[in-house]
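Take a look at these structures.
Each of the next two complexes has chain A plus one other chain: chain B in the first, chain C in the second.
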Partner chain A sequence: MADENDNDRIDDNQKPEKMFTLKKWNAVAMWSWDVECDTCAICRVQVMDACLRCQAESKKDSYGKQDCVVVWGECNHSFHYCCMSLWVKQNNRCPLCQQEWSIQRMGK
Partner chain B sequence: MISLFTVTDSRFCPQSNKIPPKSAKKSLPIVNFRGYPIIIEHLLENQHAQLTDGLKAILYSKEPDISLENLFQIVDNLNDTEHRERLFQLLTDVIEGYLNNEKFALLNKSRDGVVFCHLLALWRSYSQKVIIIKNVYIKYDRCCQNGLKYNAVQMVCTELFKNIIILEQTLKNRIVSQLLLTINESRQGNVLDKNEIDTIISILLQMDIYKDVFENRYLLESKNYFLEQSVLVKSKSVEEFLKQTNKCISTEARREYLPEESNEKVLKIIYEEMVANNLDYILDKGFESLMDSSHTDVLAILYDLCKNVPHGVEIIADHFQKYILLKCTTIVVRTTEKSMIQEIIEFKDKLEAVIATSFGENRLFSELLRTVFTKVINTKGCEPAQNLAKYLDSKLRSKYLNENALENILKKVMVIFRYIQEKDVFEAYYRKDLARRLIFGKSTSQDEERSVISKLKVECGEYFTAKMEGMFRDVNVSRDINADFKQYLSNVHPNLAHSDISVMVLTNSFWTSSTGNHQLVVPADLLRYQSIFRKYYCFTHNGRKLDWQSNLAHCIVRASFANSVKELQVSLFQTIVLLLFNDHDTLTTSRIQELTKIDPSELKIVLRSLSWGKTKILIKDFDENAIAPTDSFTFNRNFSDKLFRIKINQLQMKESIEEQKVTEKNILVDRQFQMDAAIVRILKRKRIISHNELVAEVYNVMNLPVAPQDLKKRIELLIDREYIKRDSDNTAMYTYIA
Partner chain C sequence: MSLKPRQVDFNATWKAIKETIRGVITLDHVPRTVWNDRFSDVYSLCVAYPEPLADRLYAETRQYLIDHVAQLLIKVQQDGEQSLVKNYFLYWTQYSAGSRYLHSLYLYLNQQHIRTQRMSDAEIIYGSIDPNVAIQGDQMEIGELALQVWQTNMISPLGHRLVKLLLEAIDLDRAGLPPKIPIEAVKGTILSFVEVQAYRKKSQLQLYVELFEMPFLNASGEHFKKDAAILLQERNVSLYMEKVKAKIDEELFRARQFLYSSSLPKVADRCQQHMIAEHLQFLYSECQNMVKFEQRKDLSNMYDLLKTVPNALVSLVDTVFDHIKNQGLAAIHNLQGDSVHINFVENLLTVYKKYRALINEVFKSDQNFMGALDKACNSVINHRPNDGRSPCRSPELLAKYCDTLLKKSSKGICESEVDEKLSESIIIFKYIDDKDVFQKFYSRSLAKRLIHQQTQSMDAEEAMINRLKQACGYEFTSKLHRMFTDMSVSADLNNKFQTFLNNDKIELGINFGIYVLQAGAWPLGQAVVTPFALPQQLEKSVQMFESFYHNKFNGRKLTWLHHLCQAELKLGYLRKPYVVTVQTFQMAILLLFEKVDTLSCKEIKETLQLNSEQFKRHAVSLVDSKLLLADTEDIDEFETNLRLNLDYSNKRTKFRITAAVQKETPHEVEQTMNSVEEDRKMYLQAAIVRIMKSRKVLKHNLLIQEVYSQSKVSFAPSVQLIKKCIESLIDKQYIERTPHSSEEYSYVA
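Now for the complex of A and B:
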């Protein structure tokens, strides 16, 4: 972790006579897709992991994993983008609620 | 006939010829033939007597009455078909007489040693005399060549010597026992007269009686001797005994006066009597201690000895295997997590050194080493895998190892890793420790970290290290995010831009996440930063949500004590507690809990770390180890330390039992998936398979321990999920549902 800028204060407003002042803060956060159901209904793999196809292909390309993003439909259901793009070729409806599929947003 | 022989050598020119030349006789017409043989007979007698006297003189080393020249002439003259027989008879009679004489002289010598000496002297002088006699009889000899009796005189002389002297029962026994005695003395360490023995042996060899007269008894005697020696194994230490045996072998192999064949036979006896018959006793008695003390030189002797014994190497290998099994099991069972791997590695190094230096790099031994280690290590479930991960962690964090030393350790660890069956356990624990090292910046060397990953990848494939690589990627990505975030802050919140804050954003699925403490009362400043960062991050990364891992966050807090200002390296929990004392002088445990909402068990550890040991930032009212809800804490204004930056032991970082349980559960879940995959794969290939076959195949494919009842459960679940079904005719068969 970066130890530079040790001289910077977190909050210059704090009065120096205070016994304890916070000088540096190294926070840790986990990110995950903001989804209601954490499993992709098409490939049955957790949306956090790459979809089955990408996992199989990642043997060739070790960065394949990063590109397997999540897509949300207007119905708020979420799937792997890869899975969904194959799905809509056959059936342009959400596999979970049968509504017309249209992309609300995509993960990145 | 005689006249046909002409003497060409000038040295043999006749000087005083008593026989008148025949040519003179030829001119005479012979009328009355009767008287002629008488004269010849008379002449013959005379000549025979002269020859006998001459030969005797030669043999008894006296001045002969007539010259050798004349003797030669006599032989020459009598060397015709008619008289040859007599000539030969005469020679043998004289020699026989002489040798018999000498034999009695020898027999009268009482002591064996003297006999030996005299015999040698006799042989030497006899040989000299035989040469002279040979020259006297040279005409006879040459004549014999045609009759296929080459060197007849020499042969006869030797034969006579052999029959009369050597093969004489008493003398023979004396000679042989003297020889055996001398060799025996040399075995005891006396220096022997090699020349003497050499001569005797060569006589025996020359006479072609070596085997019958000497070798058979020699071998018998040697066998008894080494049988006697081998009993010493009971009284001597194994080391001494082996060294002695080795010495015996090298001396016996170097008896150059005996034919090589005999030496080889004796060696065979030694190997049999001293090594083969005692091998089990030797190994039972001393192998363990020799191995324990790494006596590579003695072990090398042992190995070399056993190489010459039928099944010798296999017998050692057998003991070697038992030894490893015993020691390795002791290590695995007895040692604690800290020392187990270190001891296994040390033990293995020791064994490898022994194999390399003592056992001639025999592959049999290295193979045994591998199988026994694999077997033993895997008897203790997941513990060794877990310990290996921890061992590696401690080495990767160590400040005292340079890269070479570390690389060396890595190689050894990888070998142990290969032995371990439950590689998934290793992966889980290693990843957990890796997370710590990455988050808290504890790794000594990034290169070595990568080196471990690439080694694991080679060993177990891409899938095994995918998450670890993801973790490294997260750390790098976080660095970029932080740089961008600083830029963003200076643009959007210029007043906060100088704050020293960094956020590590980790991908949930690579790291083992813990549920963040949502109730935690985070100081307002921090909350503000959190929300700014979250807003920034979610803006740049669509569709993601962030979970703050308060248990992993760490801070530097500046503390003003009465005499000095220090910087404290603390966890977020510790920070939150310390910051409370800006507004309060004294706080009880329960009050702190109320104010911070830190989990009570966690809080206890935090408070203990702050009021315990060398870093007593807070003073507890009772100086006890346990922390009760009513205990109260006060700021220790007089705290002092010679360092400026003080690291406060973050006790909560110690692995808790719950954490371990979570890890173990994750491992089990992963195993179930692997089992499912294995079952489905097998069925997809076979289409229809019986239960027993399926179980056998799964065991074959999975290199992880599988409990039969778990496997059964997985099969049931797969049937429920309609991946497979029981065959309608035979319920013991499964079919794949496409």
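Now for the complex of A and C:
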């Protein structure tokens, strides 16, 4: 039998059966917001978690809220969207760099 | 007959009335016509012209009754002491019935003449006037008058002699001897003391209490004392209790037989005082042993007896508490082997259920004993061995127990059984002080079950999370919920990815599935992402998925957790085709042997860019499984060469190489404990800042108390830890000591 195996190895082209065939791969990956600073400067909560307000409200909810997304400004600073939309009502500048606030992209 | 007032001859009319009264009061036959005439006569006297004769009628009637009772008094006594009670009862029955009829005959007088001049009910009840005085000066309704006459002219002279005879009769009954006086005569006589004053608005029972009840209770008290003394001579607690219980029942029965109902509690009270309260020490003397040997009958008796005496239960409750605690500690002492966690939880539950049943049955679910059970369970479950030096392992063991139940491998247990066991584990959970530690261990094992697809049933998982939520609230389980949600989101994602591949006609060459986990929710933080050169077979999958994912979501980055990925490899070089499930790193190592039979560790490590720790762990697991052979005893990452085992064989054609992945290493336990410690510090610091922010200035002890009460939902912090946190907040200048006292802090805005 060992000989047969050796033959397999010598003559790969004749027998298409490979030594190892990868059948299936169950991958695991972690997602996080692509941000420079992982804390929201407005509510001081990690951007991966829902902002303080959402945490307080979702207590009634049985599942964790997915809706509290992140927003990036042109200045590349990022905050919870909920926190920022309250902030701009007071002052339309980025709380970190004082530049005029305009949204570059939003997390989804 | 006219209703008009007219002149009436009082003497003639009274003579007729008097004759009828005699008939009425002795229950003789009175024809209806005569009754009707007398009724009118009473009326005509009351409204007589020129002046009403009601007062005179009243006075004459009163005198008649006094005379009548005086005659009865003689009759009652005529047969001597022997028949005194019997005769009294006989004439009382007759007289009391007769006086009721008489009352009806005088209806007009009662209603029109007497009731109008009497005080209102409110005056009698709320006025401070002594009812005796008030009534004597006034005229009374005829029925009441009759009773009052009886009281003053019959009971007053005879009372004490009657009571003496009555007490003797009751003593005879106690001794079990045949009664000398008929029982109904005894009872009737006793009740007559009540009935004779029943018309009163206030202190109706005064005569009964003073004349009869007090002497009776005193005599009974003496009797109980003697009885107790006799029973005590046997020096047998359980017998004593039996007898006392029987005695109390017997006395209550007797009281019901002879006495007015208001006396029942008083009798029981006397009995309890003399037979129980005065001998508590004697009862307690056997308490220890009864609890120790769980003598249900005795304990039940003990409970019934002690319950009646205020505060007497405390000692029994304490003994029960100690006993349950000792039993609990014994049940979890020195557990060893692989199933420590199962033994731990199930032994505790056995103890808990046993004593809960005992308390339900023996102590009638008394709150005091339920409290003792709770306290005992609490101290057993949070017991720290070695005089508190070792940490408490309950949270870890309980989490492991849940893991065992929820894992696929749990053999031969049906779903409903698992469900029941899980709900029971909540009983233990509620007693745990360090719930946060449990949460850490639980979330770790949940993560493993979910990622490695070892969950028996998603329904069971969800039910368990809901139970924990019920016990501890939303925050406690929010991360567990998020992990759970990630699973369903991932399933959805996989479907969409497949559709995407099909639409674009892309072949990955492998069966690809993925879990995308939300950072922060999963207890994987500590596991650092290690460098790894991806085998070329996987590159396409990774690329395709990343582009698909970034297309679908905005602003997210993906980190591949290779140490958690699993692959199925088909081995085509052996006698039988085998399918083996391995970790990505193990897979990568094996794939290198596609073209060569032997590789040095150094080569493998460099090709895959694995760090030493990871490489060694997985190489060892492959050598242990005999898929690879090593040419040295220990695997050295520089010297050892690895060779493919071409003679490998296994009874099963499908198997898994698990060793390196799933075993909870001591290292992991330690890591978990450390992360708990960190979380607690953060939690405590946050609590301190919150409290100080609202209070501004606070004394040290008060601050400690507040912090303690806020955090006890999820764990019981040590004072030392709180102090440490205060120190570190002072360093960080969140708070400071106030200048005039070192025991006081103020908030720094």
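Basically, the second predicted complex is superposed on the first by the 89 of 108 C-alpha atoms of A that agree within 3 Å, B and C clash if a C-alpha of one lies under 4 Å from a C-alpha of the other, contacts with A are read in each partner's own complex, and residues count from 1 in each chain.
Simple rule for what comes next: a residue touches a chain if its C-beta (ideal position, glycine included) is under 8 Å from a C-beta of that chain, and two chains touch if they have at least 3 such contacts.
This structure is a prediction, so every number in the text was calculated from the model and none was measured.
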First, second, both or neither for A:108, with chain B first and chain C second: both
Partner chain in contact with A:72 - chain B first, chain C second, else both or neither: both
Touching partner for A:28 - first (chain B), second (chain C), both, neither: both
Partner chain in contact with A:49 - chain B first, chain C second, else both or neither: both
Chain C-contacting residues of chain A that also contact chain B: 1-2, 5, 8-9, 17-34, 46, 48-49, 58-59, 62, 66, 69-70, 72, 105-108
Complex contacts: residues of chain B adjacent to chain A: 439-441, 462, 466, 469-470, 473, 479, 482, 498-509, 511, 513, 523, 525-526, 529-530, 533, 537, 541-549, 552-560, 567, 572, 575, 578-579, 581-582, 635
Chain C residues touching chain A - in the complex, by the definition given at the top: 451, 453, 469, 474-475, 478-479, 481-482, 484-485, 489, 509-522, 524, 537-538, 541-542, 545, 549, 552-561, 564-575, 579, 584, 587, 590-591, 593-594, 597, 646-647
Parts of chain A lying in touch with chain C, wherever the complex brings them together: 1-2, 5, 8-9, 17-35, 46, 48-49, 58-59, 62-64, 66, 69-70, 72, 105-108
Chain A residues within the chain B interface of the complex: 1-3, 5-6, 8-12, 16-34, 46, 48-49, 58-59, 62, 65-66, 69-70, 72, 105-108
